[in-house]
Structure formats: structure tokens, C-alpha cells
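The following block contains the structure, expressed as C-alpha cells.
We call the chains A, B and C, going by the order they appear; numbering starts again at 1 in every chain.
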Amino acid sequence: MTDHSETAVLADEPIPPPTSASEIAEEELVEGSSLWKDAWSRLRKNRLAVGSLFTFIAIVVFCIAGPWLSPWDANTQDLFLGAEGPSSAHWFGTDTLGRDLMVRVMYGGRISLMVGLVATIVALSIGVIYGATAGYLGDKTDASMMRFVDMLYALPFTIFVILLMVAFGRSLWLMFVAIGAVEWLSMARIVRSGVIGLKKQEFVEAAVSLGYSHRRIILRHLIPNVLGPVIVIATLTVPAVMLLEAFLSFLGLGVQPPNASWGVLINEGQQNMEIYPWLLIFPALFFAATLFCLNFIGDGLRDALDPKSAKD
Amino acid sequence: MAKVLIALALAGAVAACNSGPPETEKAAREGILLFGNGSEPKGIDPHLVTGVPENHIISALVEGLVAYHPTNDLEAAPGMAERWEHSPDFKRWTFHLRDAKWTNGDPVTAQDFVYSWQRILSPELGAEYAPMLYVLKNGEKFNKGEIKDFRQVGVKALDARTLQVELEGSTSYFPLMLQHYSFFPVNPRAVEEHGGMVDRQSGWSTLDNFVGNGPFKIKKWVTNQVFEVERNPAYWDAKTVRLNGIRFYPIDNVNSEETMFRNGRLHLTSTVFPDKIPFFRKTMPEKLRIDPYLGNYFYRLNVTRKPLDDKRVRRALALALDKKLIVEKVTKGGQAPATGFVPQGIPGYEPSDAVQFRPDEARRLLAEAGYPGGKGFPKIEIMINTSEAHRKIAEAVQELWRRELGINVGIYNQEWKVYLDNQSNLNYDISRAGWIADYVHPSTFIDMFTTGNGNNDTGWSNPQYDRLVDAARTAASEEERVKLMHQAEAILLDDMPVIPIYWYTRTYLKDPRVMGWNPTLLDNHPYKHVWLSTEAPEAGK
Amino acid sequence: MTRFIAKRVLQGILVLLAIYAVTFFLVAATPGSPFSTERAIDPVILKQIEAFYGYDKPTSERFVTSLVNVLNGEFGPSAVYANRTVTQIIAESFPVSLKLGSLSLLLALGIGIPAGIVAAVKRNTWLDYVPMSVSMAGICLPTFVMGPLLALVFGLILNWLPVGGWFGPEFVILPTATLGFYYAAYFARLTRGGMLEMLNQDWVRTARAKGVKESTIVWKHCLKGGLIPAITFLGPALAGIISGSFVVETIFQVPGLGQWFVRAALNRDDFLVLGLTVLFATLIVIMNLLVDIVQVALNPRLKYD
């Protein structure tokens, strides 16, 4: 369902070397701020990415602040009302149990965004540390660690996720972990190839000759320098995870009632789209818009962080 | 390349335009019923299957001693037996077989039935439905391996056409039980040729090897696509059969099934999505069918857990539910709010009205139990198996309890197999459940709550209840039995290890061309009485 | 090259063995059994069934037995679908998935690659934004919305196409479109990225400075390299499209492999789960090998390692 291999592509792209290696070795942290400044100024030129960024922020604010402003509660039912179309009282209409759809979309957004965020952080943490370690240690360790990643790639994802969800089904947090656990592979590959590129840089050699521990070198020197591509892939992982969550909702393995993620709402709406179209339209609109934005932000960041495009 | 593909797709689309008559009309002219059958059959061996879609197919292919009646599930129509008689105490039954043939040319004999019943009762076969045959004398003992000699079991072929059956107890409704596929015969020669009597994976019940004796015979079986049967000319009553064939489509997605029906590709759906019932009522009332169905939707309460070990709490939960609201606003399919455990519709058995919506009494009981206004009520949860319909009902129940009793219960859904595991291990507080009658008799609902019954699953046990059920089993007369059953049910509804919610209906879509499809209590529609009208059912469209 | 292939095949076999073990123990550890049903089964009967399928043995022993069987090409029976072996089930449904998958892939490539090229060449203009947005729609709406939506429009409202089943060419169109659009977006983005990478190379700037026509640059010099990312994705995409089309198969009643992946896992049908896993992993291993070979063919600077 998701795209693992996009990253395989990214992995082939050379990681931008720091503008001046010695300068960074002195600063110890991250690359010169000019790189980020340049990236930002490039990003700003990408109207689609900027527009996406603002839309995305608006959606996040809507989902987080919205429920406080709305007079309705997400779970209070009005069985006599049932499903009614948008009205001045219920702007998005109500669902079949008479619950206000707008508040449910807001809460659904909180859950979906949180699933996206937490699972991505899980994937990020595992992937970055694993990839950096493999890349830094190199040789046989690297080879065997990456064979393990290959193996996980070849696991049929559907079966794997279903079994994990069945085993962990009851806890939302374990669900995040289960999803994160299958999404970290791409991160690991990218980080690894980035680290391999950096390893031969002077500042790393300098750190090694200063006798710093492997741990310190990996955490303080290597990882900060591959953050660019990692941020890009993270932005793209969030929508992938959200889609995966929607797929699980279709199977009925999503979040527990009465809470509902966007995936759950969309699935419910899809079944009723002919008679109660608003039940599909509103959640799907927010879901699609969020995915749109995140994807364009990710693409924009990738373009912006690619120093070659600076020559444009 | 894109243009070429798009052009191709468009060309295909135009060529495929459904300009001709719908599939349902063509099929009606050919006499072929297009049947939405829910899911892919797990098999077609009558002794090994357990599901509804399998039943739909097998009842076209095989016929037992007695058959289903076209309009009345309380009557046994003659099948392989043309007539039968019983001893005055309903313990000994004699069946006189007719001259009938298997599809491989063998005659159907009384010995075939002895062989078949021995097969399903053989412990080595491990047939899930073998307990249906525990009604036979020594049936249970043979199935549990306590006796090895099948001749001690109460079934005997007096000659090729006469079958004599001895029962454990007096059972006046025995012919109704015989309608169930677990009593169906199998062809001994076919079974022996492909692996033998007790081989679960024997190859006889496949497309090529299946041998039946029913109104139809197997024609085509493509997994996940279609199971097709055609008229069996060798069937004893072939002249009654009006359909030329049936195509069973395994469609497990309710919405896809509905779309296919409305696209003119199905005569019947297996079910409909509850939220859409009002829509169908409005737009296609002549196609929406709501039939009675002998089943009960209920919640199991785990009486081994606090606070559900307190009878007052259990009663409070049951009395606080406005079930009328649930059936009208949530399930929407004409279901009846359940006031007792045994559903309405069983002739001779007046349904109980013990469980009513009495919120004041519910609040009082809850207060007496130590939770006035729901204060201090521990966190408990309703377990459902994954399904939109169950989720909605649970959400409504959750809200009703909050409103009436001031308590907050959680809901969690579990994937089917985990749900089953949890339920049988009593690893839940409240668990959603449903029960469809195997035959038209209250015992099919009452028996399950005896102590230690595998379907009890509540931890509830009441010696007096057990005694009553036991007494009912061996009661001298049907009136006596019904009386005992009523008393047992009253105990169940007083102690309330279960909360009955509603009594089922069967809701589905039916093309008006389908004729002779009568509502019956157990949703049985003997195909030999079904036919398709070729006249246009309506002008519009 | 022969050495490279031999090495990769060897690695592939190791990967398969490891996957087999992981899946086996994962299924064994998942709660629920293939035989549990709503109506209680008598424990005596249940024991008989379990013995028939070998479930009465300890897990480690079952693992060894099943592994030996699989190595002999014997995947065993389905524990849920009587009289059907895992091999039969796969043999029946695989060709269907292959057909649906390859057609969808063709559609995805046909839309995705041109869109990606245009977007890259006209970067940050409307010719970039519009095709990318359109192709993005495919991944922003879950297939379980796209599918029923197409069915509603083309099946019920326009009444042009059948909405379910797999009985002739007209039945193929809707599922192919649903699945194809989903993957088109990925190909568009990959192609765009790959093309941009090439167009930003120094030698392209040099060529431009020398006055080489833009179209020559794009078609003659950049296309080959720019397509590499999309080609890399082809392998996993094909494997995924074959196994992961559960939603589309369910919605359009396509008797393919995807349904079995979900059903086998939900039924805890061990043998079937293992058979499908081995099939999927083998596909991935082979696809990746092929992709590597094609990649080297396209980009001689890469070497087999």
C-alpha cells in the first residue's frame, strides 16, 4: 500500500556535502545556517509548497482549536435527529447517530495527524539510528544490518500489519508503534547512504582522531548532517502513514469507537455517499487536503535542500 | 502513450456500454437465478461446513430425508423419505425412502444414511456439527469415542428403503431437525473413492467429484467469482423444479453487492447496509424485503467480573435501554425490541415480556447496588467484533446508559478471531452476541445457558435452570416442555446474564422477477419452488 | 555479472528462509486459531481437527515439519477452505492479479511518466503544478473512496460499465483505473525528481550554454537517467500491486491474490499465510534483481557490486 521504494531512489542521490567541512567541525553542530537560509529562500519561491504550508497550518489549527470553539461535543448523540445535511446549527451536518460532523472531523484530524506524527517519529528514531550505525560502522556489520532491512522489505506488508494490529489492536499507542515499525526501513536506507558519504569528510576524521566515542560521533556529528533528506522523507512518511491508517480503518482495525480518525469517518461516509454525501465529502476533503499539502511540502523541501538547484 | 491508453479505455467503455437489457433480465429468460451469497464457500461437504453461504449451496445440491417447506419452516416436506411414522412417545421413527438416484447413478438407500450418519459422528472426522446428531441414541457416546461399535447407535437400515431411528429422548420435532445439512446423506462410493470416510481433506467434495441427490447439480466453481449449479434431470421431483440453474456470487462487501444489484447483475442480495434501509424504502420499496428471522441480538455480561457479578447492576443495565429507539434509529430494519430471550414467532411459545424499558427502576437498582447516579461505577467496556453495524449499536447503547444511568462504559472492537477467543475465555466485561435458531424450537435458545455449555460464555450458572432444561429435554409432552422452557427463560431474564436487545429480521434486496420466494422463519427458500418471471416487472427504469 | 547474479540469488534464498521463520512464529504467536467459530466446538472434536492439521504438536516441531514440506514444494492444505491446497489457491488467483496488476501498471506509467517529465521541464509553473496536483489526487483519496466513487458514476449513474465480477474485458476497466491512478502519482513524482536531478547536472548547463536545443537535452540526454528512479520503483510496485490490491479486489469482486493476503491473515490460515509470504518475498527478490540489472544497463557508470 505504501511506497517504500521512493526512498531507495533518494538513497541513490548523493547527500549534499557541507559547504565547508572544516567550518562545521569547529561549530560541531549542524551545517552553517546559510544553507538553511538558502533553502528557505528557495522554498519561498515555490508557490505550491508555500501555499501548502499555510493550508496545512490552517488545518492543524482548525483541528486543535476547533473543538474548544464549537458548541457541540463529538460524542453526544441525537438519535432523533439522525443524519442531517449541513445547516446553520451543524455546519458540516450530522452523522447517522446525530453527532455533529464538524467536531468529529476536528477530533478525527487530531487522531489522524497524531497517528501520522507519532508513527513517523517512531520510524524516524529507529531508522536514523539504525541507518547511521550501519553506515558508520561499515563493512560486515553494515552488510548484515542492511540484509536485515532487505528481509523486512520482502515481508508482505498486508499480512504483517494485520497480524501486528490483531496482536496490539487495543492500544492506540501500540498501533502507532506497529505502523512506525514497518515504516522505518526507508529512513534507514537514506540515512545510511548519507552517512557513508559523510564518513570520509575531514570533520569526521578529525572527530575520530580526537578520540570521540562512536556514539558521540554518530549522534553529534553524523546525524545532524543528514537531517535535510531525513526531514524530506519524514514529510512524505506522514501522509503515507495516514493512508495506511485509513486502510486499516477500512479493514476495521483502526482506532476504537466512539473516537474516529479521518480514515474511520471516510470509510463510514463512503458507505453512505449516495444518501448522506456530506459524511464523505467533509472528512475526505480534509484528509485529501492534508495529504496534498504534506506531499507538496515534502517535494518543495527536497527541491529546496538540493544545493544544485541553487544554481538556478 | 497516455493518449493511446486513454483512447483504448474509452473505446472499451463505449463498447461495453450497457445498452442491452440488464443481466438479470437475460438470466430470467434463461431461468437462471443470480444469487448474492455473501462469501466464498469454505467447502461443500455437508458434514464439514458450518456457515450460511455453504448452506445456501448445499441445499441446492443435496436433499435429506425431509425437505424444507416452501412457506412454512414448521413443516417438513417429503424429501428422500416419501413418508414416515413415529412411536407414540416420539422416540422411534421409521422413514420410508422413495426411489431416488444420486448424480452418479447409484440409488439412494437407507444404508447410505447409516453410512452418512456414522461418518459425521466418527470422532476422527472431527465434524463441528456432529452434536446435532446427539439426539440419536448413543450418538454422543459414539462421537466421544466412548463406544466404538456404530451398531449401538440408534440408526438402522431395515432394508434398502426403510430407515429406523431410535432417539435419546422423546423429540416430536425430529423431522424439523432432519432439515439441517448435518443430517444430509453423502454418496458412500464417492467418499470412499476419494480418501475414505473420515478424511477431512478427501477430494470428493470438489467440482469434479461431487455427487449429490438434490434438485440441482454442480456445474462450475471458480473461487471468489461464482459457484454455478444446473438443473439435475435425475432428481426425483425434477418436474417441480422450474429454475434451470443458480449462480451463487461470493460478494462479501455489502456495498459492492448492492451496487451490483442495482447495476442489474443480481436477483438477490445477501443483506443490505442498515443505514440505507430508509433510502431503499423510499426509492425501491418493491425490491426491499424485510422478512422475519428467528434470531436474537444480545449482550453477554461476564458475571465473574465486578460490578457485573451483582444481579442489580445487570438488571439496571438491561432496564435502562430504550430498545425501541435502537431498532428505529440505528438498526432500521423493522427489528422488534427484545423483551425476552426467545424471539417472537415460534408457534406455541408466547415470547416473554419481562424486559421492558423502565429507567426509574434501573436507576433505583443501580443506587441499591451502591452506585447512585452512576457515582463510583467502575470502568467497564463493551467488546464488539469489527463491524460498522455492531459499532453503531454499541455507540448508541453507550450513550443511552450515560443518559439514563450516568455511567460511562467504553467500547472496543476486536478482530473476529480475537473476539471469539476473548469471549470463550471470559476475557471481557460485556460482549456483543447474536444467535440464530438451528430449528424452530425454544430449546435452540434456552439450552445454551446451562452450566458448562460451550455457548454459555458468561460464567453464569444456575442449578435450578439446569434442572428445568434437563426436565424439558425428557418431558412427556410438548405442552409440558414449553412450560418448563418458559420457567427456565424467566430465571434467565431475572438473573440477567444477558441483555436481549432486538429480535432479528432478514433484510435484503430482491428483484421482483423472483417468484415463489416466501418469507420463512429460518430464511429457507427451497429452490425447487422458486421461479423467475420473464415479464417486465415495472415500466420505468 | 554471473557472479553478481549468483551472489544475489544466494542472498535471496537466505532472505526467504529468514522471512519464513519470522512469519511462522508471528502467526503462531497471534491470538486466535483457524478453527475457532462462533458456535462452540466440542473440545473433543476440536482436538481431532487440530490433530488432523498437526496443531497438536509443539510449535517448534510444526515449524521444522512445515519447512521441510515447503522445501519439497509442498505448501500444504488451507486449514479453513476444505479440499483446497495453498498451491491451488495461488495458482487460481495469481494470473488474475497478474493481469490486473500489469494493466494498472501500464496505465500508471502511461499517466505518471509523461506528467513527471512535463512537470520537471516546466518546473514551478502551472505545467508543473497542474499535472502534479492531478496525479497527486490518486494518492490523496484512499482507493476505498476512489473505487466506490467510480462504481457509482460509471456503473450506476452513467450505466456504462459493470461494477463487479471478472467475466470479460469490460469488467477490467474500473479496477484497473482505480489501481492505476493510485500508482500514477508515485511514478509522476519519481519521474519529476529523476528528471530534475538530470536537468541540474553541470553538463546540461554546459550544453545549454552551447545552444543545444532544449528538446534534444530533455529527450536525448536526460530521459534515460531521469527514468532510473521510476524504474527502481517498478519492482516493488509490481509486487505491491499484485499483493496489495485488496481494496480494489474487494470493491470490484476481482478473484485475485490480494483478497487472500487479508483473508489468510484474518483466518489465521497458517499454511496459506506462509505460502503467500513466500510467494510475495520471492517476487520482491526477483524484481529487485531485475531492476538492478536494468539500472546498470541504463547507467553504465554503475557497476555490479
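Couple of notes before you dig in:
What we mean here is this: contacts are C-beta pairs under 8 Å (C-beta built on N, C-alpha and C of every residue); 3 or more make two chains touch, one makes a residue touch a chain.
For reference, the UniProt names are A = Oligopeptide transport system permease protein OppC; B = Peptide ABC transporter substrate-binding protein; C = ABC transporter permease subunit.
Worth saying up front: this structure is predicted, and the values here are computed from it rather than measured.
Among the chains present, the centre nearest to the common Cα mean is that of C. Remark: among chain pairs B-C and A-B, B-C carries the greater number of C-beta contacts. Note: centroid distance chain A to chain C, computed from Cα atoms, is 22 Å. The mean-CA centres of chain B and chain C are about 38 angstrom from one another, to the nearest whole unit. Here the CA centre of chain A is 46 Å from the CA centre of chain B.
Taken residue by residue, chain C touches two or more other chains at 31-32, 148, 152, 266, whereas all remaining positions touch fewer. Multi-chain contact residues of chain B (touching two or more other chains) are listed as 255, 415, 417-418. Chain A has residues 166, 251, 270, 274 in contact with two or more other chains. Only residues 31-33, 36-49, 51-52, 77, 80-84, 89, 92-93, 106-107, 109-111, 113-114, 148, 151-152, 154-156, 159-167, 169-170, 173, 177, 250-253, 255-256, 259, 266-268 of chain C touch chain B when the two sit together in their complex. Of all residues in chain A, only 75-77, 79-80, 82-83, 96-97, 165-166, 169-170, 251-253, 256-258, 268, 270-272, 274-276 touch chain B in the complex they form. Interface residues of chain A facing chain C in the complex, by the touch rule stated above, are 1, 3-6, 8-9, 12-13, 45-48, 147, 150-151, 153-160, 162-163, 166-167, 239, 243, 246-247, 250-251, 263, 266-267, 270, 273-274, 280, 284, 287-289, 291-292, 295-296, 299, 302-303, 306, 308-309, 311-312. Chain B contributes residues 1-2, 4-6, 9, 12-18, 40, 42-43, 45, 48-50, 123-128, 130-131, 143-145, 200-203, 205-206, 222-226, 249, 251-253, 255-257, 259-260, 262-263, 265, 415-418, 420-421, 424, 453-455, 457 to its touches with chain C in the complex. Within the complex, the chain C residues that touch chain A are 11, 14-16, 18-19, 22-23, 26-27, 29-32, 124, 128-129, 132-133, 136-137, 139-142, 144-145, 148-149, 152, 186, 189-190, 192-194, 196-197, 200-201, 205, 228-229, 232-233, 235-237, 240, 243-244, 246-247, 258, 261-262, 264-266, 273, 276-277, 280-281, 284-285.
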